[in-house]
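The following pair of complexes shares a single chain, chain A, combined with chain B in the former and chain C in the latter.
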Partner chain A sequence: MMSQNSKKHTEACRFCWMCRHLCPVGLTTGREVNTPRAKALLLSMVDRGEKFDKDIAQAMYECVLCGSCTNDCVTGFDPTIFIREARTMAAVEDLLPKAVEEIITNISNTGNIYGVQKPKYTGTAAKAEVLLYIGEVAACKQPTLVTAIMSLLKKADIPFTVLEEEPASATFLGDLIGFVEEVRIQAKDCANAINTSGAKTVVVLDSYEATTMKQRYPEWNCTINADVVTATSFIAGLIEEGKLVPKKITGEVTYHDDSRLARDLDEHEPVRNIIKAMGLNLQEMFLNRRMAKCCGSELLKAYAPELAALTAEGRWEDVNRTTADTLVVVSPQVMNVMGAKVPSAKQIKDLYVLLDQAC
Partner chain B sequence: MKCNAFMNDMVRSELEDIVGVEHVSTRESDKITYGVDYFWISRMWADKGQRPPQADYILHPGTAQEISKILKVANYYKIPVHTWGGGSGSQGGALPMAGGIILDMKRMNKLIEFDEESRTITAETGMIFQQLEWLANEHGYSTMHIPSCLTCGTIGGALAHRGIGIMSTKYGKIDDMCINMEIVLPNGDIMNTLPVPKHAAGPDLNQIFIGSEGTLGIITKATFKLFEQPENRQFRGFMFPNMTAGLSAGRDIMQKLKPSILRLYDEAETISIIKKIIGVEKKGSFMNLALEGDKRIVDIEMEIVRDIVAKYDGEDMGFEYGEKWYENRITFFYPGNIMEIPQMFGTMDTVADFKNIEKIYWAMKNAIESNFPGVRFIAHCSHWYEWGTMIYDRFIMDNPPQDPEEAIRLHNQIWNTGVRAAMENGGVINDHHGIGLKLSRLMKEQYGPAMQVLEGLKKTLDPNGIMNPYKLGL
Partner chain C sequence: MNIIVCIKLVPSVMNLTMDQEYVMQRDRVVQVINPADEAALEAALRLKGNGSVTVITMGKPSGDDELRSLLARGVDRAVLITDKAFAGADTYATARTLSVAVNSLGNNLEDFDLILCGRRAIDGETGQVPPELAILLKLPFVTNITKINFNQGKIVCSRRLEEGIEELELGTPAILSLCEYSYPLRLATILGLQKARRMQIITLSREMLGLKKEECGLKGSPTRVRRITGQPQGIRNVTIAKNIDEGIARLSELIAEVPL
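Take a look at the complex of A and B:
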């Protein structure tokens, strides 16, 4: 049973073709069902008596929730609303794809999508005004990135702490089953843990999680008693204040704006300021900032690795049309997804690692 | 073809062997999705909760060679083949009315060549046209094919239905822009049209397949002209006392100059849609015009336009309305701005010479409004030539019959009446949306004895009649 709000959006999108050219999944699979209009059409047919079954549920997971379609819509309709809600229906009606079920089990058992014990990191102090929220992707898959950003904070003389048992932010669970009470409870636990730390500023490494904390937590009454900032804007601020002074590096790079940082948080310039501060020549991809084509996500890679490989290839095609030999990224998710498909003539580098070397 | 489950699996295996298991679908979600395109009837049918027409197999080929093999299999088993691009056509041209195969072309979306010296770009036809335009833009050029469906349709779709963009008055229709094509014929042969279209080596084969709507073959690759982005683009809005004055001014402008955009709205559209979207408050017939190119030339051309407009008592409304229209040119088509179910509506675009065009406008308007109470008629002229123009006539019915079958019959009666009024007065059955399923029944009336040319081509190229049955009158 869909909400009235979802129905409003499905009814609007079901016969609208305007944003299909932006769907990173549809562009690579070429399948009609991988368009926002097709998903809306299917749900509208369900509302008219068609059976909501595993097949339709599966179609709802062939989406990165990157918001490119939403960003394009001049009349304000948002396919992610009904896609998320359809995922809730799939969970409630026991129609989840098997791979999705496995990830939910992992989250339930370990608090992260990988189903592993999350590695522990320590800050420079047990209590500090700055709390670094590492997130599960960086913690489990990108230790080099974590080391680099911690090194940068130390070089800038910023005392910081990390949570000894960092709870999940509810980002991935929310993407998997929609914004339901279980998700809110997970978010509440995370907000409580952050509040207990007494930090005044929370620096969030993964833009997906920063988006959840900054935009969803207030909607869910999960108050964080601190400023939530993205790692990119925090580090750019340290450079601006002269606390980090990078040496100049030569080279031509391009940068991939990840969808939640660029579209949901509308943050584009801090990264570019960091790249500029290092003296690197930034060659923009044609589709950049809010228009950037999503490369996939770690969550998509976890439950549909073949789709994530295709979306990554799609974005590499854009990189390949630039003359830059290096793709710079700031997201642990982008590093994992794009890093798995690097073409032979290109390389991928994490901005914090580069900056740490330059400082 | 009648086949049981056993046979279905045999055919499916052959198709999987050609394109790969992952590129053949019989999923119900796919079947529903490919049964609804932008055609009003298919949307209304879905809105009423009716099952749409369904294909048996949905294929996603990756090469022309794969398509060739698919067509050989389809011919052997006599399975209908419906080619699908973006599915955004308004005429039902892609709907799988005969079941069988849907051939979704969108995996074939690669850029093949960018030739700066010749100013051409070549790509596979499953590419969404906006992607091709962006690739051109990356190099500082444009295809200048900017239709309202730029983001919705594919290159192949634009070619198959003989599409047009908002800049057509200067840069031409898709058939003027295409240099050459690769086509898979129904028997599986892969052919190319000649390298360039201007020659004296017989008829231009491009023009046989452009507009053929998947009934004569499948276009897999195409080369298009590229244009420099104009140094200067100037807009101007004018208000004429009526449509007659506006048409006369438009004719005189076209017979001296080549604007990129020239749009003239009748009084009904001026006080409804134009007022809503760009805020023009005055009564009359609104004209939006753009000139572009070298600024020195554009300045002189605009002076000539102003002189012509003054001759027909047109009021100069300045550049703001034109710029606002340009900024909002796609906004018109988003949900909330565009006409939508449960309304019944349709665009009966026709094209004719200047001698007949106004007569056609009034004939269509009177035929629709006098025969169908509760139906409104609005129109504009948006693509112009030295010899004539088109009319983008739309009918709108706010409260159509609830019963879907009754609605289909009324819909078709309105279309028959409007289109026949156009054809009887020297207009053509359609200007730029194509024929598809919607107008198929009227093709013989349009062509008369000339229809045997198209029928002869069909019979020779597709003797088993497997290619997109029931479309284009073939």
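Take a look at the complex of A and C:
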């Protein structure tokens, strides 16, 4: 049962094949089924009576929902719309891949994709105008990053709070089963928790979650009363205001624009300004800003680790084409995916950790 | 409460096109639920309690999918009134068809406590169907509703007026038409979608409703559209401020002119 909107998008392909050259999954696997165009054709066949089976469902999960195909489609159509709906269909028809089912179980048991007790962090005050929303990936997998950003806020003299029991933002559940009421309820709980804190600004560490809060929550009538800002733009603002003054570091780095900052939030310059403020020489990758090639995501890594390793490898190839020896990242998800297998001549550094050392 | 919700599928404003005669192109256009009707449906789902919500729409057979998506959101029964004879219906012919359909759904009108509609559709923008339906069904009617509660057998509702909000109380059965966005419609649940796969959509044709050909569609419509013309773009007498300070200064002057 797909919406008319989805059907329109599945029928929209002009067969120009440009998405084939952009899809980070298709590029690394070389499989036709991994192109956005193929996914549209599969669903078009389903609309014409073909059975929506396990293989088609599986194909819908071999996608990072990075939006690279959407960004460059000449007809302006959006494969992420029908892929999300097809994932809903997979859940409805009991055709979810086993690994996806396990993650959904983890989310329902613990609120996070890992199925673990989320570590607790404390801010500088129980109540403050600034709330730091850490997110599950940073909280569970990147404690160094959390420590660094908290240290930066303290150095800038910004009192901040964190939610004692930080609820899930609905980002991952929405990517797993599409935009259904279960996802909206999770989003609403998160918005309520943020509103109860009384904060005026929510600084969101993971750009994936910032995108959900800024773009999806209003669509789902989940109002956050505070301003939602990405951690990158907030920190760049602190440097601009002179509240953080980094020492100059020498070196040559390259930077990977993650899909959400690059395409959904159109936020390209704050990170570059932070890099510039530290005096680092930035070597841009061939595909940067809106055209950035996705390296995979933590969610993909959770249910299809081999695929995530391939997408990360694909992005490392782009890094290798630059003269920089260090890759700078700002997303906890990128750090986890790209950091899993770093080529011997390269290193990966988190921007907040670097900045914290420089301030 | 047992509630009927009348909904209309309208072309999505994101891809609306008209031909040279300014006639809306409905083919190959994505149809969505009219925003005000979404509010009526959400209000019904919140009010129903142990009762039921029945959705009625008049349109093409292709509306089946959209109705199924409503079953997945908690609607108990979906009725699609579809027949070539209904094509070209004006608001009166539409209201007449809907009134006959409402009467055919229960043994009598008392089977329903409430009929909810959107106050207007974004394609036609007449806002005439709900009051016409109320007259044909001989039921009390209130429009521009932003809030509804059911308390001790009475409907308590808020109606938006130009000067403010009016609180009204009325008995059942009644017809209310809701303002768009007053009740944002919930999404479908996975369980709801699974249930909706097995549910039947009730289809009603002209013959099933016992309507004569001259009572419905274009033949049954007293309205005749003689001509539709484009609205020429107006020329606004505006001055663009040179900078933000000038804009603020001018705005302050204008605010000062407003009598307190």
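What we mean here is this: the second predicted complex is superposed on the first by the 355 of 359 C-alpha atoms of A that agree within 3 Å, B and C clash if a C-alpha of one lies under 4 Å from a C-alpha of the other, contacts with A are read in each partner's own complex, and residues count from 1 in each chain.
Throughout what follows, a residue touches a chain if its C-beta (ideal position, glycine included) is under 8 Å from a C-beta of that chain, and two chains touch if they have at least 3 such contacts.
Quick caveat: nothing in here was measured; it's all calculated off a predicted structure.
Touch criterion met: A:Trp17 reaches chain B, while chain C stays clear of it. Look at A:Ala59: by the touch rule set out above, it reaches chain B but stays clear of chain C. Judged by the touch definition given at the top, the superposed model places A:Asn225 against neither chain B nor chain C. By the touch criterion defined above, A:Glu181 reaches chain C but does not reach chain B. Looking at the shared chain after the overlay, A:Val92 reaches chain C, while chain B stays out of its contact range. Shared-chain residue A:Glu50: touches chain B; no touch with chain C. In the superposed model, B is the one of chain B and chain C that contacts more residues of chain A.
If you check the complex, the residues on chain B that touch chain A are 25, 27-30, 32-34, 36, 38, 43, 46-49, 60, 84, 86-88, 104-109, 126, 128, 130-131, 134, 137-138, 149, 151-153, 330-331, 333-337, 340-341. Listing the residues of chain A that touch chain C in their complex gives 1-5, 8, 88, 91-92, 177, 179-184, 220-221. Residue ranges on chain C touching chain A, taken from their complex, read 12, 30-32, 62, 65-66, 68-69, 72-73, 184, 186-190, 192-194, 196-197. The touching residues of chain A, when paired with chain B in their complex, are 12-22, 26-27, 29-33, 38, 41-42, 44-45, 48-50, 53, 55-56, 58-59, 73-75, 77, 286-287, 321.
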